[in-house]
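What follows is a pair of complexes built around chain A, which joins chain B in one and chain C in the other.
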Partner chain A sequence: MTGRRVEMAALVLVSVAVVAAPLFGSRLIVYYFTITALYASVVIALNLLLGLAGQVSFAQTTFMAIGGYGTALMTVRLGLDPWLSILLAMLLAALAAFVIGRPLLRLRGHYLSMATFALALGTYSFVTAAMALTNGGIGISGIPPLEIADISFAEPRMFYILSWIFCALVLAGYILLAESHIGRAWRALATGQDIAATLGIDVPGFKLMAFVLAAVVASVSGSLYVEFTSFVGPDLYDINIILSLFFMLFIGGRGSTIGPIIGAGIVVIVPQLMSGLERYQNLIFFIILLLLLLIRPAGLFGRMRESVPLAALLPGWLRVSREGRSA
Partner chain B sequence: MPAPTATETPADLLQVEQVSVHYGKIVALRKTSFAVGPGSLVLVLGPNGAGKSTLLRALAGSVALRSGRVVLAGKDVGGVPAHQRVKYGIALVPEGRGRLPGLSVKENLDLGWHAAAPARRGAYATAIDEVLALFPPLSERMNQDCSTLSGGEMQMLAIARALLAKPRVLLLDEPSLGLAPKAIARVYEALAQLNATGLAMVLVEQKAVPLPARREATLVLQGGSVVFQQNRRPSADELAELYLGERAA
Partner chain C sequence: MSAVSELKLDGVTKRFGGIIAVSDVSIALPVGAVNGLIGPNGAGKSTLINLVSGFWRPDAGRITFGDRDLTRLEPSAIARLGISRTFQQAAPLTGLSVIENVMVGLHTRYRAGLGSVLLRSPTMRREARRNAEAARALLEQFGLTADADSEASDLPFGKLRFLEFARAAAMEPRVLLLDEPAAGLNRVETDRLAVLIRNLRNQGITVLLVDHDVPFVFGLCDRVVVMNFGSVIAAGKPDDVYGDPAVREAYLGGKEQEAAA
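This part shows the complex of A and B:
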């Protein structure tokens, strides 16, 4: 399939860029590539949940917050080892996803989206309001860096390697699952829950598995993010981030393999390239996104047949049509 | 008209006893009973909204029973969820051919094979070859997205997928709906072959079907109730009367 070949080519290009960036790139490029890797991991996990299993969940930031605040609180307040804090926060996120996933995932379609959206907004409100625990809007700084023996991940290039190893592991996990019976079961229940059930698929169980896996990845990524910046605050989980994760996925192409990484890269890096536009930066960026999604509704690496020719976007009187005036 | 009786077919594989299904306050199916044995056919006829699909969904476990029992080979499976019930040997070919867009033909078949109880599913290659021998057109489409199939091919795929689950009873929901006459003939040819080799079938259609069976019974549903239940098929006149008619008691 040509779609596969395009994805393979993109994967090779991304790999080359990831290797080249720390060798030839500036500190700033290394910084934004690291951020890209961390968001890409969350988006790959969202892709598993949304692109494969068809469950539109906005709750990824909730589990990022469990990782982020979990690591911050356990290291700064309790003095635990950062690695241990990542592990414990991950277990907590898995448990939370398991407990809230059961009732939430009984909801279908827009109802699930709305419920998880409420959860994500509630998470932001909570970490802003719970001053005693989270320090509110001020956040928690001075999170100690990760270390292995003599290697300190306070060094940006070392953290860069760590973040991309994590991203690669998440991607490998995604590919393995997507190609397995589990991935097939997810895709089946995404389009026909009742049909999937009569084919022996435990629909609630498989949905919950996807939800918990996505939460685990989001939590670890959330922990790594605050380890990278040594700071956690509510802004890391605000509505911009909630929606940006979806932009990343939809630009990249849901259900694709490389899409989430490309999508994350575009959303993280492109606005930085336009910093000269100052206050119009976001406006221009969103216009680009809008055009992109109009031309490729399925995303850059989504299914080709869902793409729309650019000409179709022009108003009728600008189009040269052989069919004359017939619409 | 004779009063409907519970077990007129010589059968004990699947026994449906006094099954009722409600959707909220609406009664979709009222106290339906019948039995089906190996190699026999139960034909369920009735107009739209009569409760035919509800009956099959209740047997497959997609909807919960309000009351009654579904007994398969002596075991009450009425409370077993759909995804486990298929392992007991009840497979459904759903209404609308059970399309799963985005999955290839092969992936659909793989799902069917995985649905069978491990002890019964047999070797993968053999199982796939068996259903492809029954529906040769599918073998040329293995890597195609199933949403690109014709209606007839999709129906073949839905049946093949259900067969891979190694059912003892096959439930079919209007397999002829929306198909060209040629495709209908092809599908029914395969069904006749399966029935002849001993597969029990519960077949839902709106109209009479071109399927000869050695042992068969016909149920006609109207407004959720059984209005005809005999070991013969109703004549066209009878059917018209039943569909349009005064509720026969």
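This part shows the complex of A and C:
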């Protein structure tokens, strides 16, 4: 219950920050908060898949790429309406997730992670290599902005609102599902597939549902991202991003509600605060990550049960033991 | 209950490599009876439960439930037909609370799909409320009310067993397969278990009970099947089976010699 209260407090703080940022913050803050919202949405979806259903999938960037390149190609090359391109790319991602997920999710153990990791790396290679389709490393620019009536989302503050509305919807969906019998079925199959099956849960079916939902969210987020920057390129789906999504989730806390947003915020924003440190920026960032994960293996908002006392990080001879020395 | 469905095994055989774990077993479980299945270690009892619940496929033979052929069905499909099981090692869903464990047992009673959950439709909310109440009633029945919000894996062993029965009973099964339910329980708990099993039978549930505890099985069961080396060597009323020379030779005799040694 206390864990829940901490999460509620964090949710309130995040909401305040999200409302305050465009009012008082600089353009840069608005920019990074927007990026945070878009990654946070993908990570909430990953949390549904990994935190609830226990499926380790690296394929989120693949579905982001379907959204990103789908929107870019459909708008720039085919001249389709950006909103329509988001919808069509989303349907394509759902179909792809269904076709890929069906055989993969029947397997147990690490097959899913290995196969989706290959898929994610393959996606990056493909969009880099398929010059004719994707312009390779140059990418596709000049993606037309989203508009509704008189409102143009080319204006960063408008896009900021859009991105956070999307993130809030994804979070609401996550909470509704997590608290329902569907969420319980996911958590049940994550801890014991056999037990879940004997209770009448269609294990492959529920895994597939989580996989497709995660893909749909990733695709829409991928589309919004390229709409925001009006550019798509392979770097948006490279190994850094593949792994960053996991950092975001593990820092925030698997299975927690607010964790993915906080995790995304930390991974997106903290490196920017160290921009003066230039070449040590990554090193320092990874040391912070490592420490966070060592001190709180369950993540900032994960279950306390898994946390490790800070003293455990010290070598044994440095530790001051309250119980005194024991063999 | 309109259609009376009987669980029937017909010539069921299962091999693991060169070993025949279950050999040409044909049994029918009378509806609404407690059927005991006993036999020495390695007699094929647990294999039989795994075959009926769909975890393994028989190499030969057929398993039917009423007019349904279970032989090729997935475990979850078999469960949805009303055949529920427990595991030899009490198996809580870790990370879920006690009441959540039971609510997962109620899974097949939920009709709401993805859409109605995301839109919080009134039917979905009514259904969720109704099932939460059903879960609380089950906790009451199995003496777990005080533990409702504890983490399931924090329960002591005895309560864990009862949680597993509550979860299986939540499915309102027509057949309940119990794999060594009394293992690790003390006398008091075993007696309580016997009462619960009789209650289930009185509700018309067919029970198949695998156990080592011979007095427990013979005291509780309406019918006993004895297996040895994968084959059924005796079946019938407890008294008749108890007196069967083949049974005494293969199993009970062996036990006595063991005890004497």
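Everything that follows uses one rule, which is that the second predicted complex is superposed on the first by the 322 of 327 C-alpha atoms of A that agree within 3 Å, B and C clash if a C-alpha of one lies under 4 Å from a C-alpha of the other, contacts with A are read in each partner's own complex, and residues count from 1 in each chain.
Criterion: a contact is a pair of C-beta atoms (placed from the backbone, for glycine too) under 8 Å apart; a residue touches a chain by one contact, two chains touch by 3 or more.
Given the structure is predicted, the values throughout are model-derived calculations rather than measurements.
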| item | value |
| --- | --- |
| Simultaneous placement of chain C and chain B on chain A, clash or fit | clash |
| Chain B versus chain C as contact partner of A:209, first or second or both or neither | second |
| Touching partner for A:180 - first (chain B), second (chain C), both, neither | second |
| Touched partner set for A:191, first chain B, second chain C, both or neither | both |
| First (chain B), second (chain C), both or neither touched by A:199 | both |
| Chain A residues touched - chain C or chain B, whichever exceeds | C |
| Contact residues of chain A, present in both the chain B and the chain C interface | 181, 184-185, 187-188, 190-192, 194-203 |
| Footprint of chain C on chain A - complex, ascending | 173, 176-177, 180-182, 184-185, 187-188, 190-192, 194-203, 209, 213 |
| List of chain B residues in touch with chain A within their complex | 57, 60-62, 81-84, 86-87, 91-92, 94, 98-103, 107, 110-112, 114-116, 161, 165 |
| Residues of chain C that touch chain A when the two form their complex | 53-55, 74-76, 79-80, 84-85, 87, 91, 93-96, 100, 103-108, 110, 112, 114, 117-118, 120, 124, 128, 131, 167-168, 171 |
| Contacting residues of chain A [partner chain B, same complex] | 181, 184-185, 187-188, 190-192, 194-203, 255 |
